[in-house]
Structures are given as structure tokens and as C-alpha cells.
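One chain, chain A, appears in both complexes that follow, with chain B as partner in the first and chain C in the second.
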Partner chain A sequence: MYEGAVQDLIDELGRLPGVGPKSAQRIAFYLLAADPVDVRRLVTALTEVKDKVRFCTVCGNVSEEDMCRVCRDPRRDLSVICVVEEPKDVVAIEKTREFRGRYHVLGGAISPIDGVGPDDLRIRELMARLADGDVTELILATDPNLEGEATATYLARLVKPLGLRVTRLASGLPVGGDLEYADEVTLGRAFEGRRAIDI
Partner chain B sequence: MYVRQLSVTDFRSYDEASLDLEPGVTALVGPNGQGKTNLVEALGYLATLGSHRVALDAPLVRAGAERAVVRSVVVRDGRDTAVEVEISPGRANRAKLGGSPVPRPREILGALRTVLFAPEDLALVKGDPSDRRRFLDELLVARYPRFAGVRSDYDRVLKQRNALLKSAAAARRQGGSALRTLDVWDQHLADAGAALLAGRHDLVEGLRPLLDKAYTAVSRGGGPVGVSYKSSLPDDVAETADRELLAAALAAGLAAVRDQELDRGITLVGPHRDDLVLTLGELPAKGYASHGESWSVALALRLAAYDLLRGDGGEPVLILDDVFAELDDSRRTQLAEVVAPAEQVLVTAAVAADVPEALTGARFDVEGGRVTRVR
Partner chain C sequence: MDGAAENGPVPLYRDEAVVLRTQKLGEADRIVTLLTRRHGRVRAVAKGVRRTGSRFGARVEPFTQVDLQLHEGRSLDTVTQAETIAPYGERIASDYGRYTAGTAVLETAERLTAEEREPSLRLYLLVVAALRSLAEGEHTPTLVLDAFILRALAIAGYEPSLDGCARCGEPGPHRYFAVAAGGLVCAEHRPGGAATASPPAVALLNALLTGDWTVADVAADGTQREASGLVAAYLQWHIERGLRSLRLVER
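Moving on, here comes the complex of A and B:
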């Protein structure tokens, strides 16, 4: 245990995902020794992200305005929605330039171990978007791991009565992984080869 | 295949140890508690990513150290492959194959195959169903490494489903929404379970003819030994490897016990509740066979596993940890004759006299954490 402010910083850093107590300590002492200008830049970035960045009211992606860049773009195809777990997945898919529709960010995947059920995800919002009838295809691009598959199965069953074309990214993505770690070529190919989902 | 080199760092009682090995028989000899089993346990870990003695990794790391490393050079068809694993309890282990890190430790499975005989094997006959399931699954993975993924998928679905059942029990009282996803988890459990079940059924079928042969080789009559797979499904399911059929049977089984599952908050059917039934003559081995007979059945299971692995290429390294001390003279001789022709055999014994003559070969003395070649 360190005194006051140093320990507070270590505690706060240790709360971040993927940062254990040891790394928290290392980062804290790095910041202590760092140039004040660098630290101030980090502080500004942190404050701005909380002040300026919001979530898109349509798709749930991060955005600096009411609607994100994708949802504002008039050239995007309104008939297709690609469902992903996190905003970082939008970035990964955008890089492939394979997809011209819009997104829906769930904010995670169903995982009873973590206490995450359908009501904790932006599924009600998705159903509201599908209700107006513009959308004809739903691409389920949740992660290729168990929780992502379960979420996809759940959604496919849920929207079945709507009679949409529901597809899942083609296999070839590394199983058990995160969408964001798939390289662009693999992810692009997965998009092209998407298949109707079994339910 | 054979192991040309084995070295350990901070594994069990060793801070550092290294052995150069050869094909044929090698005996590790030394008084009790000197570290013989520790060495063969390290080799077994490289082959299975688990210990034959403990379920958790913590005891494998030398007291006071943070992580253990086990390295080996495996020779197969004249080609060397370096296999290495770093064991860090509580964190993700890391592994290397041919000097390069692999994304997941389980990717080294299959690079080294071992069949390990140990006093703990008596539990295969006398122990709980979990001991026998572990035997089946380890052998399945040794034969087809892709089953490591099947196993871990199944374990993960099971954990998720049990977590849901626990919270659903509460939700049912409050009329909540948790139940809506149970159907989805049922489907995933049935699919993953069917893949595992198909593998186990196929394995049992492969073991059956080899088991009785092996039993005859290490016992003096009293057979035949039978083996069958006992499913936890309410209705009998055929010992088939047809995954679709099995998935349907599992789904139906889950539906049949759903109310009970919600009451108890656990998954009541599936490969995690199954067993392997061993019989000797007309009677079950468990609860009926004598101590000596139980030993013979356990040895026969390991020998059958060896036969099976040898049959599909990549002859495994045989490890006999302290087994001869447990056997009478005639079975000692019989077992020695059966294993002597294997490509590589590692034997541990507290006294040299416990190693049968048929297994005379290289010898290391193990004492006080030092391993010295004496022959």
C-alpha cells in the first residue's frame, strides 16, 4: 500500500479492464515520472471523451453527435442492418469496405455467468428499428465464440416472425475469438460468404 | 515417437533439471520422495496439459516460485520438435511448439503422446464416474486433438447454462425474463454434447476388443472384461457416433428434466453426468472385483489405450510410475513383456529390484533433486 494519491491512482487504474494490480502499479509510477505535458494531454483526452462522445441514438455506436457518421451518411443502404456486440466491431467491419448498410450495436452478448441477459442488451431498440418495415436483411455479426453464437441464435429466433432474411457471417473466422482480431481479408470474406442461420 | 530431452524449471521439487533420453527403456530409481514421479508428471503434462495426480496446477509450481516451465524435444519419424509449456496458476498458461509461441496452449496437444500408468489408476475401477470420464476424454484428445476444443466448448456451455438455471430459479418465482434464453442454451448444449458423446462412443467401440485382449495379457483368467458407455439420458440412447441423432436425444432429455433442473439449478443430463461401466465376467468391476482384479482391469485399460494410439500412427511414449511395486511376480513379468517392445518406456521405482529384468535399459538415479545417469 502506498500513501494517499498514489494508491488512489493505482486503485482506479486497477479497475480498468485487462489491467491487473501489477500493471496498475507500473502505469501509476510511469505517470508519476512522466512529463506533466504528456499527463495533461491524457487528462484532456479522458475528459473530452466523457463530455463530447455519446452513443448514436439510432444504432448505439459511439458518436460526437446525435447520430453517428454511418447513420448520417445518406448513401448507406437502409435495407440491411448488421448487428455487432461493440463499437470496436463497427470499426473492424468498416475497414473491410465490404458492407454498405447500417449497424446495430448491442453493447455485449448474452452471458448468464456475467449476469447479462437479453434485457441488458439493446435488443428492444433493435426490434423497434425492424418494426417500420424498411429493413429486409439482418446480418448477425456477433463474435464467433459461444456467447456470440448464443446471442445470434436468440436473435434469429426472436425476429423469425418478421420474415426477414437473417444471415450469419461465414465460418473461416477464428472460432473462440473476437471479431475485432480477425484480419481485414478474413472478415471481408466472411461477409461475402454469409449464410442463412439455422434455428 | 520418443522424447530425446526433458527439462524442467521450478517444477514441483526441482528448480532446474535436465535429462537426455533415448529410445528403449529408461528407469528412474531413488528412495521415496526424491522427485521421480515429478519428472514423469512433467512429461505427462506436456502431453495432456494436466497432471495425473492433481486437478489444479498450483502444486506443480515449486513452492516459492511463480511459474514452472517444462520443455522437451520429441522425435517423430526422425524429426525433432521442441514442445514447451509455461505453467502459471491463476493465469493463462503459455506454450511453444518448435520454438514459436502458439495462440493457445492446447495447440501443442498431439505433438507428444504418452500413456501413463500410475498407482492412481486404481481409481479408474474403484473411483467416481469423473475419473473414468477423464480417462475417456484424455484418450480422445490424444487421438484427435480437436476434441480439446470440443471439450472446452462443452464445459463453457455447461457453465453458462448452469448459471442461467440458478438465476432462472429465482426469476421463475418473480416471473422474470431469464427463462427466454434457456431454449438457446439447450440447443448449444445439445450440439456441443453430441459432438463429445459421438467421440466417446466411437472410442469405447475402439477400446472394447483391445481391452479384453489386454486383460488376458496381464491377468490369469477371470474375464472376460466388458466395457460399455452409460448415458445420463432418461431414455436409452444407442452407442452411435451419429451427431444429429445424439443432439436430438440430448435435446429431448433436457426437455424431459427441465422442471427438476429449475428446482435444483444444475444441468442433470449430458456427457458430464455419464459413466463408463466396466464388467468382469457377469459382474460390475466396481464394488465386486478383488483388489488384484481391479488392478488388472486398470492396467488393461491403459494397455488398451496404448494399443489404440499405436494403431493409428504415432506410437505413444509409455510411462510406468511405480506400478511394479503394486503387482505380484507373475503379473509383473507379464506386464514387462507386454511393454518391453515399445519405442520408449520410462519406469520409476524406489528400488532397482522392482524393475523387471525384461525392462533392463538406461538408468538414472534420482536423489535430493539431482538426476544422475548411472547406466
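Moving on, here comes the complex of A and C:
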């Protein structure tokens, strides 16, 4: 245990995902020794992200305005929606330049053991978007792991009465892995070779 | 046992296991909770499994039965090798009813193994049998779950009395189900607030506990729901906190 402010900082850093007590201590002492200008830049970045960034009212992606950059772009194809778990998956897919439609960010995957069910994700919002009839294809790009698969299964069954083309990214993605770790070429190929889901 | 094993923990060991739960750890690792055949419930780190090209990412996913080599650590072990024995996850995740029932099987198994590293071969075999049944779609998923819960509780020493009165032993059939008393009770020993159980529901509970699937498979929907309610109440009584996944099981 350290005194006051140092320990407070270590505690706060230790609450971040993926930061253990040892890393928290290392980061805290790095900041303590760092140039005040650098630290102030970090503080500004932290404050601004909370002040400025919101979630897109259409797709749930992070955005600095009501609608995110993708949803605002008139050149995007309105007939295709790609469903992902997290905003970082949007970034990964955008990098492939393979997809010209719009996204829908669920905010996670269905994980009953963690108490996360369909009602805890942005599924109702997705159904509302599909109701207006512009969309003809739904691409399920949830993570290629068990929870992602189960979420895709659930969504495919849910939207079946709407008669859309429902597709899942082709294999080649690392099973058990996170979508964000798939390299651009693999992810691009998985998009190109997406296959229809039959439920 | 050789001398080294008696003097201290063997750093490397091999066992087969079912993956009960995974949690993200750091950038690309996972903590996996395992129910092993010989070492009970074990928590271990699987390094790099969330990255592309991981050697065994798919093998340490929930529902998978794996043959593992583990390195014993102070608080967490580390998975050093993993070979799939049976990939039940794929066929369970492809059906939402199987997935939600299967998740409740895994959470029940986790909660009934209160102590880590306390071997329970019978529970392990029961979990494997339930997952195999779900993957193969042999029976209605919720029936598989209820049968699993009843038998897992029986293994844990909480077998419900489904014939004689749980209090006085008077032979049944009885109409009242009292979780705190341990099952069916006679009219005389019926506590306030005891649930009533219809004869078909009692017959279904018996069939599920003994594995009489010819009876269980043809139970009416209403009877299945009634029995599920009693099983859930009985389980909740015997574990400290409620089961998170039970609420999300698709009925």
C-alpha cells in the first residue's frame, strides 16, 4: 500500500479491464515520472471521451454526433445490416473495405451464465430497424466463439418470419477467438464467402 | 505415488475435463473454469486463445470435453496442451433451447462443486452425459436439464424424496412438495406455503430422477412446466445464490 493519491491512482487503474495490480502499479509510477504536459493530454482525452462521445441513435456505434459516421454516409447501402457485438468490431470490419452497408452494434453476446439475455442487448432496436422494410440482408458477424454462435442462432430464428436473407461470416475465422483479432485479409475473405443460414 | 508426489504438488498433470465457463483475461487470454474427471473443479489460464492462429482456442470453449495438460500454479493453473475429446458446443449452440438449457447444466455443475480440486467423478460423468444428450437432441432440452439437476443434487446428497413423506416416511403418493423438508410430504407434515404437486408431475420427477425416458418424453407440456418449477425451487434452496442462467432457459 502506498500513501493517498498514489494508491488512489493504482486502485483506479486496477479497475480497468485487463489491468492487474502489478500493471496498475507500473502505469501509476510511469505517470508519476512523466512530463506534466503528457499527463495533461491524457486527462483531456479521458474527459473529452466522456463529454463528447455518445452512442449512435441508429446503430449503437460510438459517435460524436446523434448518428455515427457510417449511418450519416449517404453512399452506404441501406439494404444490408451487419450485426456485431462491439464498436471495435465495426472498426475491424471497416478496415477490410469489404462491406458497404450499415451496422448494428448489440453491445455484447447472449451469455446466460453471466446473466446476459436477449433483453440486455440492443435486439429490440434491431427489430425496429428491420420493420421498415428497406433491409433485405442481415449479416451476423458476432464473434466466432460459442456465445457469438448462440447469439447468431437466436437472431436467425427471431428474424426468420421477416423473410430476409440471413448470412453468417464464412469459416476461416479463428474459432474461440475475438473478431477484432482476425486480420484484414481473413476477415475480408470471410465476408466475401458469407453463407446463408437455414433455421 | 512416488516420493516427489508426496513431498509437494506435481507441477504438470494431465486430466480430461468439460469447460464450464470462460472469462476474458487481459489482451488475448481467457480464464477457463473446468470440471475435471479426477481433480474436481479447476480454474486455469488459457494463453493467447482469443488471437488468430491460437493452437487451442476452439478446444477451451464452453461445453467442450477436452483432454488437457495443465501446469499447476499458486492460484490459477495454466493450460499447456488441449485435445478435443468431444466438441459438444457446436451442436448445442446451433439450437437456442439447447444452448440455454446447457448453460444451466454448466452453471449448476459449477455451483455444486463448492470447493476447488475436490474430485467428483459421478458429477463429471453426469455432466458429460447431459451434454451428449443435448448435442444429439435426444430429448426436450428442458427435460435433460431437469433430469440433470435432480441427479446432480442426489449426488451432492440432496436426493429429493419423491415417494414417502420426507418427514415421517409414510408411503405415498403425497400431494405436497416442501423444498425445505426435502421433497414430498404427507398432509400431516405439510408446512405452510408448501407447493402442491399433481400426480403426473410427481410421476415425471420420478422418471427424470431414475432415467425412465419412455415416461418423461411423453409428459404433457403443462406437466413439464410444473415439474420444472418444482426442480428449480428445490435447486435454489440448496445453493446459496440463485442460478443466473435459469431465468434465461427457454421453456
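Convention: the second predicted complex is superposed on the first by the 198 of 199 C-alpha atoms of A that agree within 3 Å, B and C clash if a C-alpha of one lies under 4 Å from a C-alpha of the other, contacts with A are read in each partner's own complex, and residues count from 1 in each chain.
Note that contacts are C-beta pairs under 8 Å (C-beta built on N, C-alpha and C of every residue); 3 or more make two chains touch, one makes a residue touch a chain.
A quick note: this is a predicted structure, and the numbers were derived from the prediction, not measured.
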item	value
When chain B and chain C are modelled together on chain A, clash or fit	clash
Which superposed partner A:L146 touches (first chain B, second chain C, both, neither)	both
Touched partner set for A:Y154, first chain B, second chain C, both or neither	both
Partner chain(s) touched by A:T186 [first = chain B, second = chain C, both, neither]	second
Between chain B and chain C, more extensive residue contact with chain A	C
Which superposed partner A:A128 touches (first chain B, second chain C, both, neither)	neither
Touching partner for A:G117 - first (chain B), second (chain C), both, neither	both
First, second, both or neither for A:V43, with chain B first and chain C second	neither
23-31, 149-157, 221-229 or 311-319: stretch of chain B that collides with chain C	149-157
Residues of chain A at both interfaces, chain B in one complex, chain C in the other	110, 112-113, 115, 117, 146, 149-150, 153-154, 157, 175-176
Chain A contact footprint on chain C (complex, rising order)	21, 24-28, 49-54, 56-63, 89-90, 93-96, 99-100, 103-104, 106-107, 244-245, 247-249
Interface residues, chain A side, partner chain B - complex	110-113, 115, 117-119, 146-147, 149-150, 153-154, 157, 175-176
List of chain B residues in touch with chain A within their complex	149, 153, 156-157, 159-161, 163-164, 167, 177-178, 180-181, 183-185, 187-188
Chain A to chain C touching residues, read off their complex	17-18, 20, 110, 112-115, 117, 145-146, 149-150, 153-154, 157, 174-178, 181-183, 186
